[in-house]
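Next come the structures, one after another.
Next come two complexes, and both contain chain A; in the first it sits with chain B, in the second with chain C.
Moving on to the complex of A and B:
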């Protein structure tokens, strides 16, 4: 690792990397720097919790659980921001992602993070970032009731930001590569396409599809909980609530890795001097991820006796199917790419390489935890904390540092100094693996997770872990100081450098309507007429027997509107008008389903029921919200619009299934 | 594939679809009308858990048929009476065994102990036949009707020291109101605890 003004990448690497545009650099700086700043603050909170368990400092139980809640939610935002910034920065060379939507994503997520901070620090919210029902509403005075509402709205904003990001990635990637099958590489698999999308696009598609599903599920449970804040009598099925919560939470944390894995497909070749080509195993691996990620969360519920056994079986298979293929294929092909390439070892490229190690070791810990017999032993212990900290801290966070350093090295035109790099890397490795290693050991011994006070005799483990955490923090600090030096050099050189030629954004195809054939129109119209039957008076009377049936009827009414909206949006004359308003479409496909579910809070509609006119108007309103959603989905184009259609009706059905009283 | 290239062609498909949908809806309405008519001819054939009939029917005519006792927890879901186990032919031992199985599979033990130890909810030891003080200070006998109601509609009568709102959410997915035999089995198991 020679410091100097020579190229910071492989001699042939510059040919493989597109020159980043100014807006791309700014977005990357914004997301990565915010992510690293949040990581630093949340890391200090984590250290405080570990020192408390080591009995070195004393936190009240109330503050411990507040910090635990903030640490979880804050770290999610930190790594999510950094990983989204990384993927956007690297994907935009081939896919014309929308700048304004990315800025909205940032502001929405940051706004959500501020609300979470207010809820925890001022309101004292301490139910954990997983907000499992009914704990957020049964604090027994431990936190103020309003803090639960603020926390949930904060989560909703974070979800909205991620939803917009995923929607934009899906819309632009499918438009660039000519449809869903080509963008997923399926056409290439079937030998119908000689030029498959690059691996970064495959990873982006997997993240976008799964991200939209996870966010729709998360929005459903969060809106149901907000409904509970509006109507104190609202009850929901606890098992349903836990399934939805973990389907959202587990998927989001998984997707963080895949977001960054996509970026690594672009960053690593610059140091190896070889392109990372799409191969059939890579395509298959990401298809596996798309199929299985949504159901892999079930390993969090193996010990819930009321969870059906078949669901645990599916989760066990899905945990392997989602995690192993992309990790094995990516790490294997990445190492092969490096082997014999005269890899350019710099601080940034070494961090990229070490990130693979964190992904592999943390993934192995996850696979062990997803085996049902072992899960019963490990899942409620620090083993789980060990595994997810391994792939986040020693995987995603190291990759974030890598991108940060690489951008600075590139701006400064020189690499970080050898000695400083070696010291920083050594401290990060020793501190990081020491920290997570103690979690594995104490977890295997049965020390529980999420406890402020650990069993007697286990404080020593926490003390050792705290020392390792401090070593990691020293490595992080040294890395930051070296980055500061590179930033100063870059700042001086900024005025002397000849600006790079402007790169235009890649072209993409025009959007297509949701329905394009006569058969499709006929099928949608027929379904609409059939579901109009849900307005029949006997059905309205019959569904009064159960709140679930009642909400199912509302969902059917919403579906009527949705189908009408989709058909209307697909009419050539209408589509020609709405296709130029995708941002309005995105806004409405988020807002309308949320309003629809809030409208199903019993306190909202119960007062209308005695008056048949108002009751009828309410039912028409449900369909009207469906029409708005359908029209808005039409503005998003074929692939994104159809997925939004399915997710919208899915949200209505999920809500109807889970809310059991009010 | 029939491409909808012109407005005229498209409208034909749309009208065709609407007609097909109307035909399916018409069949559904016809099926409902036949079923409704038969139900009117033979009102006792209506299952106890059938939702309330449409407004134009006479609910008072069927209500006595579907409301067997005054201790019914909900109007639409009568609880099992004490004669039901004998009617189904199940012996008391079978019923208790079934209740024990349900006790484990539905997670009752998560909140209620069988040995008198404290839990989130009251212990089942010695509960049956005792006098229970409710959260409003009144007292009720823990007879079969009380135990059935406590399972089907837990917040109808909350015991002193217990918290309202926890059990309804916990057992909602079990839908005990539609499973009178299982409720009877659970009651038998609770009574067997002394």
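Moving on to the complex of A and C:
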């Protein structure tokens, strides 16, 4: 690595590196800088917790668990923002992602983060970022009731931001590559497409589809909890709540890695001077992820023996099926790309390379933990903290630093200094792997996670870990100072003067309605009749005997409206009007299901039931919300619209099946 | 053995168990989720199961080592989560 005004990439890498326009750079700066700033603050909180466990400083129990809650939620936001910024930066070279929607995503997530801060710092909320029912409402007087409400609304905003991001990626990528099968590489697998999407688009598609599913599930449990805040009589099944919570939480953290893996497909070739081409193993690996990632979360419930055995079996297979193929294929092909390429080793490119190591080691730790016999000994020990900190801290965070440094090196027209880079990298590696190594060792010995004060005799592990954390922090600080030096050299005008690249984008596919054949219309009509059938007298009688049946009938009314809405949206005259309002469609497909679920809070509908007219209006209202959702889904086009349609059905049924009370 | 977790205590009945006999733990929770983690007399975690409100999880274990076994909560349950410890004894049968 030589400092100076030399090329910061491989001699043949300039045309391979994503040449970003001003918008892409601004978004990347915004998301990555916010992510790094949050990471720094949340990291200090993590160090404070470790020092408390080491008995070096003394935090009250309240403050320890508040910091623990904030650290988890804050780090989620930090790595999610950085990873979304990275994918947007790299994907937009080939897919025209929507700038306004990305700005909304940022503001929504930031707004959510502010509410979480208020809930924790002022309201004392300390139920953990996983907010496992019924703990948020059973604090034993430790936090103020309003803080739970504020925390949940904050999470809802974070989810809304991510949902919009995923919808935009899905809509634009499928339009760019000519439909779902082409965008997923399935046409290429079947030898019907000679020009498959680049690997970044495959990763983006996997993230978008799974992100929408995970966020819909997360929204369902969060809205159910908000319902509990509205109505203290509302109850929910603890196993149901746990499934939804972990499906959302596990998937989101998984997707953060995949977001960045997509960006690495674009960033690495610039340093290797070789293109990272789409191959059939890469396509298959990402299809595996799409199929399996939604059920991999089940390993969090291995120790809930009331969970059906088949579900744990599926989770075990899915944990391997979702994690291994993309990791193995990406890391293997990445190393092959670098091998013999005269790889241009700079601070940025070294961080990119080291991120593979964190992904591989952290992924291995996760796979070990997902083996049922080992999970019996490792469940909720510090081993768990070890594996997810490895792939986040030594994978995603190092990749975030890599993108940050890469943009600065390009802007400054020179690389970071050799000696400073070596020192920083050394401290990051020694400190980072020392920190996570202590978690693995102490976890294997059974030290529990999420304990403010560790069992007698185990404070020494925390002391050693704290020292390693400080070493990592020194490396981080040195890296930031070097970045500051590069930023001084670069001027804003310099990188904004970089000409917009000429791009030859594939012809975009025209939007299609959700239903286009007579059979599809007939199927929707048949399903509508079935749901209307839920008002037949025997079923209506059964509804009076069970709150779940009652909620299912409300859900059926919403589904009737949804089907009618989808059918209307697909009529040529209607579709021609709504297709030009995708942003309104996005807004309504988020808002209408949330209102529908809040409408199923017992306190909302119980007061209407004695009055025949109001009761009828309530049911018409549920159907109207369905119509709105269906019409709005129609405005999103074929792929995104159909997925949203299915997710809306899922949300209504999940909510009805899990929420009781009243 | 009947086990119930509550904020922030364990109720365990009986408190003494025979060695070399398969024991079935019926584990539940009276308020929020807890984690029933069993540590052997040498301090090693030998197994765990979740204690969940509204459900009973059955855990079956055979203890070959006599002595005092410690219970630690392995699911975050509130501000005194780390204080939620208990113990039972395993003894040779007469």
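Brief remarks on what is shown
Just so it is clear, the second predicted complex is superposed on the first by the 640 of 662 C-alpha atoms of A that agree within 3 Å, B and C clash if a C-alpha of one lies under 4 Å from a C-alpha of the other, contacts with A are read in each partner's own complex, and residues count from 1 in each chain.
The rule we apply is simple: contacts are C-beta pairs under 8 Å (C-beta built on N, C-alpha and C of every residue); 3 or more make two chains touch, one makes a residue touch a chain.
Because the structure is predicted, anything quoted here is derived from the model rather than measured.
Because the two structures share chain A, they can be overlaid on it, and in that overlay chain B clashes with chain C.
Of the two partner chains placed around the shared chain by superposition, neither chain B nor chain C is touched by A:94.
Once the two complexes are laid over each other on the shared chain, residue contacts for A:453 go to chain C alone; chain B is not touched. Legend: residue contacts after superposition of the two complexes on their common chain; A:139 is shown touching chain C, with no touch to chain B. By the touch criterion defined above, A:330 reaches neither chain B nor chain C. Of the two partner chains placed by the overlay, neither chain B nor chain C lies in contact with A:172.
Of the two partner chains placed by the overlay, only chain C lies in contact with A:65; chain B stays clear of it.
Within the superposed three-chain model, A:128 lies in touch with chain C and out of touch with chain B [touch as defined at top].
In the superposition on chain A, A:379 makes contact with chain C only, not with chain B.
When the two structures are aligned on the shared chain, A:240 is found in touch with chain B, with no touch to chain C.
Residue overlap on chain A between the chain B contacts of one complex and the chain C contacts of the other covers 134, 138, 237-239, 305-306.
By the touch rule above, chain A contacts chain B in their complex via residues 133-134, 138, 235-240, 305-306, 515-530, 532-533, 536-538, 541-546, 549, 567, 571-573, 660-661. Only residues 7-8, 31-33, 35, 37, 39, 43-50, 52-59, 72-82 of chain C touch chain A when the two sit together in their complex. Chain contact summary for the complex, chain A toward chain C: residues 61-62, 65, 68, 126, 128, 130, 132, 134-135, 138-140, 142, 237-239, 242, 301, 303-306, 376-377, 379-381, 445-446, 448, 450-455, 457. Partner chain A is touched in their complex by these residues of chain B: 1-4, 7, 9-10, 12-14, 16-18, 20-22, 24-25, 28-29, 32, 36, 49, 51-55, 76, 104-107, 165-166, 168-170, 172-173.
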